[in-house]
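Order of writing sets the labels: A, B, C and D. Residues in every chain begin at 1.
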Amino acid sequence: MRKLFATTAVALTVFGAAAVPASADTVKIAFVDPLSGGAASVGQMGLNHLKFIADTVNAAGGVNGDMLEVTGYDNQVNAQTSLVQVQKAIDEGAKIIFQGNGSSVGIAIEEFVTKYNSRNPGAHILYMNYAAVDPAMTNEKCSYWHFAFDANVTIKMEAMTNFIKDQPEVKKVYLIDQDYSFGHAVADTAVSMLKEKRPDIEIVGNEFHPLVKITDFAPYVAKIKASGADTVITGNWGQDFALLIKAAGQAGLDVKWFTYYAGAAGGPTAIKQAGLDGKVFQVNEGIANLNYGPAMETTKAYTERYKDAPTMFPRVFNAMDMMVKAMEEAKSSDPADFAPKLEGMTFQSFSNGGEMFMRADDHQLFQPIIISAIGPVESGQVDEENTGWGWKSVGEIAAKDTIVPTTCDMKRPG
Amino acid sequence: MAEILFFSAVNGITYGMLLFLMASGLTVIFSMMGVLNLAHASFYMLGAFFGFEISRHLGFWPGLVLAPLIVAVIGMGVERYGLRTVHKHGHVAELLFTFGLTFVIQKLVEMVWGKLPVDYLVPPSLDFPAFTIFATEYPAFKLFGLLASIAIFLALMLVIKRTRIGLIVQAALTHPEMVGMLGHNVDRIFMLVFGVGVGLAAVAGVIAGPALVTQSNMAGLLGPILFVVVVVGGLGSLGGAFVASLLIGLVQTFAVAFNISLADVFGPVAADSGLALYLDDIWSVTVAQVAPVLPYLLLVLILIFRPRGLMGNRES
Amino acid sequence: MSDTSDTVVRPAGFPSGAAPGPLRRYGPWIVLALLLLVLPRVFSSGLSISTMCVMGTMIIFALSYNMLLGQSGLLSFGHAVFFGLGGFLTAQMMNMMAGGEGPLPLMVYPLVGGLAGLVFGVIFGAVATRRAGTAFAMITLGIGELVTSSALILRGFFGGETGITVDRTEIHQVFGLSFGPQVQVYYLIAGWCLVSVIAMYAITRTPFGRICNAVRDNPQRVNFVGYNTTVVRFIAFSLAGLFAGIAGGLASINFEIMNSAQMGAAESGSVILMAYIGGVGNFAGPIIGAIVVTYLHLMLSDLSDVWELYFGLLFISMVMYAPNGIAGVIMMQRPLIRRGQLLRVAPYYVLALIPGLVALAGLSMIIEMTHQLSISASEGLGMTMMGIAFNADALLPWLTAVVLLGGGGWLGVRAARLAREAYGAAMVRGRVQ
Amino acid sequence: MSNADQGGTAALELEGLEKSFGPTRIIRGVDLTIVRGERHAVIGPNGAGKSTLFHLISGHYRPTSGRIRLDGRDITGLSPEQINRRGLARSFQITNIFPQLSVWENVRCATLWAMGYRYNFWRDIDGLDDVRLRTEEILGQINLIERWDMPAGMLAYAEQRALEIGLALASDADILLLDEPMAGMSHAESQHMVELIRKVSENRTLLMIEHDMGVVFNLADRISVLVYGEIIASDTPERIKANADVQRAYLGTEVA
């Protein structure tokens, strides 16, 4: 609503024939994610990150002398609305699209951008994907105009199973996932990778439940308990995770939890309620309490600007910093020029300075993966959702140990 | 297996009673006013959120009393200044009004509390396992929810059997066409019934909030199930609503317990054609996976074989 | 007995059986066709063409919904099912024929969607139309949930939550049309939109169309003039499915992606909003609604985080005070224009509008400030409205908002009453003259 | 019964008709034959079951037991529209029209089935000359031509009652059931209505419920008296007047 009324005039002239051309000295970046309705807070966080980084870059003289300009476009997490918003962004002169929430939206944008570039000669629209993790995006649907900065399902499972490999107490594993493509991807890769790395582990259950429809997970927890599992692997997120953990706490289920999204909003609160100290692990590209100097400084500056929003997306920093570097190397902010520089680029991870690289074959970033557990933290350390509990690293998997093959058949322009 | 059966049964009955707390109010409102309140689950959600907000400042127990009262007052306001205005435009307009209300209430809740689950805690006095059976604990709060639902159910029956308004409600349930002949204070009775009805939904919300989840989509998740309950039970039948509530509660929890698919029963699909790929989806789906779809399937089947619902006695 | 009618003088306008002149009959459609033809030349930006493509699709969808709600009095909460199934079938067919294998050009593919909509309309209609009224509404709600949930389970066909994607340029091409450029898709949609609108309008003017109106008004009486209302409802439901399917097919050609969200409850709700806000009592109502709602849907979200709330409030107030929607409000002015009284009433409208807008400003301040205090608190309490910066927790803005809302509302109600009286007086005056 | 000596064929036959709602028996075994071409009135005190009897004949209710025959064919248990298609049309005691449709549309809709257009959704209704002429004819009969484009809900009460009759006429039925056509009308309006009914029932069989005894004795060829769900007498007006049972049970109390 900061924009309310101020942008009324702009919106009313949307039907005006001429699009506003991008001025010569700004690089327009369109951020297409939910910015209205209940999911707005999640999208807003990403937008805050982008604006923060853009301001930092601009303060240091910009990219090749050009200023970065970030504009938000509300996609209401709807694939078709996203496409109209991307069209709007293109009309307004943006060539770089940032998006992350929802693989269905991500795939829609990836396809749209690819088709748009091939159907409109001279158009070079680039899709910077900071969070959509459907493996299809860098496999069968891979595109030259798409770069993925988050570790996808398979990569994270590779890291997770490499960690579990060395945990002898894990003997019976129960899989519970949401009944949609992401959940199935988690379950399928878990089964195949565990079988390969720890053939002695018994999979005692492989359960799928409807997506965001279950209000009481007690029956599922009863099943897990009956199976005798000592470990549960789940890709659940949001309320499906929170409710699962809540039900487990109520029934006194004592197992280890390996998760993808325990750190997402609502997760830490549920874990603390259930009292699962040190029992819940998450696998991602970075957490707050890694004590890595440069990251801590940036975090401090960021939290000074956005006071009550400490949640950090290291991958947004990685994506923006790598893009800026590619632009500088190419001395151009046209994606046609700097995309080749982004391919194969090596870079230092924002989280811990570890090495990461953008694989040219499928435009998937490989980066150090942190395995962390949540529990009470001492003062001075970052806690989550004011619970007094925070994430602590229990293992780091180097980028080179997370490499998975790709089926991508990259079609390059020209 | 025995423990799964046991816990499924207990969970199913708890869930069913919760459904009935809401379905009873919905049924009485429908019988009296002829309007199916599509926003009923939204008032359940309001109950949960008000209960949550009050519990943060005053504790759970004041919330259990105050939240339903606030919701009842809001409900009466909605009836007095909203529904009554729309009434002259007919039933479709009334339905659309309550439909619009679900939309607005959801957006209001999202505006104030966001889309993520809020941290609605079980009161400490009930935060212990009520009993442990088959090495699984059953939380005391859920047991409390079950007992509270039963107590309210009994109290409601008492009110309906013993009071004047109860008699009117009873008359309305059996002879809906007579409601128009109730005389000059029918407006006030409508307002009261609507208030009490949504107040009951709010009680369900306060009980379900900590036990399940308090989130802006809870109305959207429960609403359709609730309407299935009243249609399957038979529109306007309190007894039918009771049976259907328990039935759907049990069906949903028991379905989760079974991982049987058509493939398990008949063997995998043999053919290797493109069609078999699609068929395989249906073939390998387990009962547990389709659990949330079952109520709707039940709805369709009931309507084919018994269009008036289990215990309904009127067409529409 | 036919001589009785000859003795009575027929009043003006009484149906004479003479066919209307070609200009009257075809004129509006020719104008509409020309309009559709030149629109992309006037609004030529990529965004406006994309937006018009969505609008064209939604016009068909909203009109098909009005075959139920407005024409037959059937309130369905699951209409998007047919839109979605039509879209999925079209997309699957396109993928099957990709690479120019099939002989059919892209232009006829929406028909696949239409047929799918019709077939599923027949199947679900057989169940749903056994009942009317509230029970019908609940069954459609159930069918909607059933199909959407099943779509997530049957991943092979529906492609899970990401849906299935297609490439429209892969279809057999004729006349050198690749349908790569959006403007070609625009003309495809515009063509189908025109044909569908004409067809749906024509249906309202057939024996069946009129019986639908009768069923809406008084289903019981329809039984006693020889009609089976279940059959009437069933045909209406199936035909509505057909057109919704065409709209779905166009959507999947336009976006080249179809996912289960397009057939969910939100989409079914949005078509209700479109039809109702536009006006269900008038054939053109849903067209207006589709245009307005699509525009607001795409543009309003840039203005306010909580635009959907405004949307809901608009809908509720229309149900309460303007049950015939925008078209109804416009139609109310027609007798005034005919009687030359509009200009005498117009000042009263302005008089009512000004405090109304003031009250709206107050309401929107309260909404936006509440939002700033709750959800957006992480971004600080400072906010700007109409170029004025203030803090959401300060007393003055709240006071201002309450005064604006209360004062504007009070004056608005009064002025509205005056406007109503002026309208009534003008109608009487017009009749006397 | 003395129907045989009327000499006509039976248009409508009720045989042992019963209807109960729960434990309450509303119609307790009615036997009645309506002869083709006659004007037959059913009278009786309030609550005698007259309207229920009409609902049974027209298919609105399903009888608990007994048979109904239309032109010798059994129609028991058929739905209202099936009965209508076999040539029986009715009006309602409480005005039952299409309030939002114009008078013209009201009548036109009622003619469509009988004219054979059924569920036709491909022909322009305004182009159907036979429907137009038929509609116009009926509007002429019920004197509503002037009001043709007014929404039916906005008509004066007496006009709505006339339209109600018009709807029954429009389906071109041989047998008309009119349920209290004069209810709530002024004396002048009633006179009008009597003439209308007389006119439209030429060449038709008429069965009507009416409270106005003047109308009944003026219009009806035969009268049946329904008391507590039973026909206690069925005869010509003169003999009904003289019937001691009727005097005692009905006329003595209602008509002084």
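Quick note on the criterion: contacts are C-beta pairs under 8 Å (C-beta built on N, C-alpha and C of every residue); 3 or more make two chains touch, one makes a residue touch a chain.
The model shown is predicted, which means the values in this text are computed figures rather than measured ones.
Colleague: Between A-B and A-C, flag the pair that has more C-beta pairs in contact.
Modeller: A-C
Colleague: Specify the chain with the shortest distance from its C-alpha centroid to the centroid of every protein C-alpha atom present.
Modeller: Checking distances from each chain centre to the full centroid gives C.
Colleague: For chain B and chain D, let me know how many angstrom lie between their CA-based centres, rounded off.
Modeller: Each chain's C-alpha centroid was found; their separation is 47 Å.
Colleague: What is the distance in Å between the mean C-alpha positions of chain A and chain C?
Modeller: 37
Colleague: Quick check: how many Å separate the C-alpha centres of chain C and chain D?
Modeller: Comparing mean C-alpha positions, chain D is 43 Å from chain C.
Colleague: Check each residue of chain A and list the ones that touch at least two other chains.
Modeller: 37, 41, 179, 210, 213
Colleague: Which chain C residues touch at least two other chains?
Modeller: Within chain C, residues 149, 153, 155, 306, 308, 371, 375 contact more than one other chain.
Colleague: Would you pick out the residues of chain B that each touch at least 2 other chains?
Modeller: 107, 110, 114, 289, 292-293
Colleague: Who touches whom among the chains?
Modeller: A-B, A-C, B-C, C-D
Colleague: For chain B, which residues are in contact with chain C within the complex?
Modeller: Going by the criterion above, the answer is residues 30, 35-36, 82, 85-86, 89, 91-93, 95-97, 99-101, 103-104, 107-108, 110-114, 220, 224, 227-228, 230-231, 235, 277-278, 280-282, 285, 289-290, 292-293, 295-297, 299-300, 303-304, 307, 315-316.
Colleague: Residue numbers of chain C touching chain B in their complex, please.
Modeller: Residues of chain C touching chain B: 69, 73, 75, 77, 127, 130-139, 141-143, 145-146, 149-150, 153-157, 265, 269, 272, 276, 306, 308-309, 311-313, 315-316, 319-320, 323, 367, 370-371, 374-375.
Colleague: Flag every residue of chain A that touches chain C in the complex, lowest number first.
Modeller: Touch residues, chain A against chain C: 1-8, 10-11, 14-19, 35-37, 40-41, 44, 48, 73-74, 76, 78-81, 83-85, 87-88, 90-91, 103-104, 107-108, 111-112, 115, 119-120, 134, 136, 141, 179-182, 184, 210-211, 213, 306-309.
Colleague: Spell out the residues on chain D that touch chain C in their complex, using ranges where they run on.
Modeller: The touching residues are 58-59, 79-81, 84-85, 89-90, 92, 96-101, 104-105, 108-110, 112-114, 117-129, 131-133, 135-137, 139-141, 145-146, 148-149, 167-168, 170-171.
Colleague: In the complex formed with chain A, which residues of chain B make contact?
Modeller: Touch list, chain B to chain A: 1, 3-4, 7-8, 11, 15, 107, 110, 114-117, 119, 121, 129, 132, 135-139, 142, 208, 211-213, 215-218, 221-222, 253, 256-257, 259, 286, 288-289, 291-293.
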